[in-house]
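There's a structure below that I have some questions on.
Should a chain be cited, it is by its letter among A, B, C and D, assigned in written order, with residues numbered from 1 in that chain.
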Amino acid sequence: MPEISVKELANRIPDGAKVAIPPSRSGVALAATRALIGRKARNLHLVAIPTSGIQADMLIGAGCVAVMECAGVTLDEHGQAGRFVEAVKAGSITLRDSTCPALVSGLQAGEKGIPFMPMRGLIGSDLLKYRPDYRVIDNPMSDGPDPIVLLPAITPDIALFHAPLADRHGNVWIGTMRELMTMAHAARQTFVTVEEITDADLMWDELRAPATIPALYVTAIAQAPHGTWPLGLQGCHEPDNTELARYARASKNADDFASWIARTANGKNG
Amino acid sequence: MNCKPQELLIFTIARMLEGIEHVAVGVSSPIPGSAALLQRSLSGGTTQVTVLNSRNLQTLNDGAGELFDRAAQGRIGAFFLSGGQIDGKANINLVGIGDYPRHHVRWSGSFGSAMLYYLVPRVILFREEHTRRTLVDQVDFISAPGTSPPEIYRPGGPYALVTGRCVFMFDRAKARFVLTSIHPGHRLDEIRENTGFAFDLANNIIETPLPDDATLTLLRGPIAQEIADPYPAFAQ
Amino acid sequence: MPEISVKELANRIPDGAKVAIPPSRSGVALAATRALIGRKARNLHLVAIPTSGIQADMLIGAGCVAVMECAGVTLDEHGQAGRFVEAVKAGSITLRDSTCPALVSGLQAGEKGIPFMPMRGLIGSDLLKYRPDYRVIDNPMSDGPDPIVLLPAITPDIALFHAPLADRHGNVWIGTMRELMTMAHAARQTFVTVEEITDADLMWDELRAPATIPALYVTAIAQAPHGTWPLGLQGCHEPDNTELARYARASKNADDFASWIARTANGKNG
Amino acid sequence: MNCKPQELLIFTIARMLEGIEHVAVGVSSPIPGSAALLQRSLSGGTTQVTVLNSRNLQTLNDGAGELFDRAAQGRIGAFFLSGGQIDGKANINLVGIGDYPRHHVRWSGSFGSAMLYYLVPRVILFREEHTRRTLVDQVDFISAPGTSPPEIYRPGGPYALVTGRCVFMFDRAKARFVLTSIHPGHRLDEIRENTGFAFDLANNIIETPLPDDATLTLLRGPIAQEIADPYPAFAQ
């Protein structure tokens, strides 16, 4: 099975890659994010499925991001994502604002190998005005006029996330974080960090198989216990709200952010 | 029993959910969330509630798109939205102030608004801060428009705007807000002074009704406990 | 929880309903099918997701079906579906022939509440010629000419299938038979027969929750042990190949079919 | 060792799968399935194999659409199709004989052919019965066409047609079959007599090569065991 270190995993995500990342509740690969910052990744195109938080903010603050495609970047109850807000104001990242279902539908089009997916809504929103890649057509199934938006397929170069469990064949169990399945299906390469690696075959485990990403879709796996810290992981770890609050304060300016990054470079037990 | 301002808001929103089969509540919405739970309780469970990112209060298990698929199918009767800015045509702005993309104030982003606002029949706008900063004549960025031309498929849209001072209902045909009730302790001239958009007055503007003691007991007991799952900080 | 008898379940599927049914490998509700035949259901519009076998053949043979929408009806290694073939030749059912991915994509469009879904392929096939509801447009995302088929959304009135396990709240565990999730999401009503009903809450079972259809989508459940007999059920029962072979022979003519239906009216232990 | 006709077919098809990363095999296809497994074995596992409806030989766990999504993404390099009728332009008919819809002979249906034939780069047509009944000048119903005009998105299509008598390769530019090898014991005039369509002749028509003893041992041992999972009847 393609088991590598977190550092090697970050090395295999090239500068300029279009990287799909999950929302803060769903297996955010923060250990790998620290490694990406450590290797000074540059010009990443992040595609949040459909929102991000501390992960995008850290990467933006560390200068790794050229394009941010998302429906929102927020530190949730801890407030605004300071590095994201600062970068927007400075014009140092290219924004591709969207709405949650458009990002999910675009990714599903990528998964299905179709060029586009229609979606209701969006017409009359300024989001549409700034997304020339979103097209409006007249619904061919309708008798009367019925404008509808077509979203182009999103095909990430890389899907990057953290899951509770993998096996030695490269199968990855994701529980109810089903967006991770769509990400792995849609992306050209999928890199996963996991809490644990089991010797059992997950695809032969009647209870886990239905929520397991088959190895076929998985490029490489790195073991990273507490790999979402300071975020939590469903069924494994609660979020470290003290540290998240510290991050929210630190993200308000570049110096405090740099100190926070330096202090937490080795993760929870660093 | 003395009703706190937030309890009045919860009760006011809950009353707007009567008859709704399924209410969904987004992230960071403890007051609408409590309102949905109160209505569920008052309805004897007829009203179902989904609170995003909650462990106990949701049944989503098919990925980030499932809520939106449900909305598009008409399975969700009511939802809540807010805005850094809300204008007199019920356009909402969750993106920022100034010129896009380099806003001088930037918020998180539009989240699901640019779809849910069109598709959920009863969208309740909630913004506790009622000032000329939040309630503006025209938003700087339209995350989602309040109304759409007739050829646009739009089974949903704004139903009401609840603030810390009053309740506006939304007249979709006229694309205007109508002031219908003023919270106890607030006045019409104060509302005019603090509202950046023009609005109509209902024929019969009332004082926003207060919850009775039984409802307050429910709110402070079981509802407060339930809402602590998605919003522990709010419950404290 | 909405627990009813198999007979009552069949009574609640009205004549003329558009009923989505799964392929022979995925939880075919044959006990409910026998009950539908027992109550003399008429004018059903069956939509196979994406193929069917003995189930469609039994319903067609018993005169329950007006429209058959599918990518194939086959008894697999047991040969042709005799009643289906006979009905096609007699012109007694309306055929809506299609191809597997078109039925799945149409159902996914129904699940997503969008009016259509594009799909590659089909152009130049006679299937397309006989499906005026399938439209060809020029891909608006493409610079050059690029005709592509749009499939209308499939929104079944009813999804009908059999699953291994449900709970008293109405949640249904489907294992890896993921098409059943799509069917339940897309259909207006979902009727499920199950092997077993547990007192536990499946949505609170970390291992089963990811493969559980939430009760929200489930109209009613009936317990029907061996409810797929003589077909099998993944992880529960092997197919009864002796009986399936008998069916294949019986389906070749109306009298033998009628005898087989009468003999098996009470199921495996009848 | 004596090579049985079916073993020759399996070996012949397996050789066509060289260099393919992922081969998918549909239902009721024990000979192509065995061929895919043989190639997997000969490739040392580089060639991955998915056999539909198999317990051991597939990794599909996301519903009836996953195989097709994989094909549309280009993740599947080779697939097998057949036909009640196959014509000289490689059009295939899985539906019936006569006028649609009331065919006087009706088969099961088109299954996934009307998509996979377009999208899988190397589609191998396999029909053991080589007669004028199966190999016709023009099919009565096109489940999926052999070729498409240049404006049609079509990264895939027919690669070869393997029958009980011979191997035709398909020339996509000319939309014609080319006879390239004849199975031992069969003759060109017999093939002409039993083929309903006109075809070209390769410059160098060979006798279809037989598997060596090591390959036959592999086929009769481990491959036969593996194929017994999806096709128990075939293995016996």
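Assume contacts are C-beta pairs under 8 Å (C-beta built on N, C-alpha and C of every residue); 3 or more make two chains touch, one makes a residue touch a chain.
A quick note: this is a predicted structure, and the numbers were derived from the prediction, not measured.
Between the CA-based centres of chain A and chain B the separation comes to 28 Å, rounded to the whole angstrom. Each chain gets a centre from the mean of its Cα atoms; for chain B and chain D, those two points are 59 Å apart. Centre-to-centre separation of chain B and chain C, using mean CA positions: 40 Å.
Taken residue by residue, chain D touches two or more other chains at 61-62, 65-66, 72, 119, whereas all remaining positions touch fewer. Contacts with at least two other chains are made by residues 105, 112-114, 119-120, 146, 148, 176, 178, 181, 209-210 of chain A.
Taken as a graph of touching chains, this assembly fits none of the simple shapes: it is neither a line, a ring, a star nor a complete graph. Two chains count as a pair here when they touch; such pairs are A-B, A-C, A-D, B-C, C-D. Against chain A, the residues of chain B that register as touching in their complex are 27-28, 53, 61-66, 68, 72, 94-96, 100-104, 106-119, 141-145, 148-149, 151-153, 231, 233.
Every residue of chain A that touches chain D in the complex is listed here, in rising order: 111-114, 181, 185, 203, 209-210, 212, 214-216.
The touching residues of chain C, counted against chain D in their complex, run 22-23, 25-26, 49-51, 70-74, 76-77, 80-81, 84-85, 88-91, 94-95, 97-102, 104-105, 108, 119-128, 130, 144-148, 176-179, 181-182. By the touch rule above, chain D contacts chain A in their complex via residues 22, 48, 59-62, 65-66, 69, 71-75, 119. Residue ranges of chain A in contact with chain C, taken from their complex: 105, 112-120, 135, 137, 139-142, 146, 148, 150, 152, 174-176, 178, 206-211, 235.
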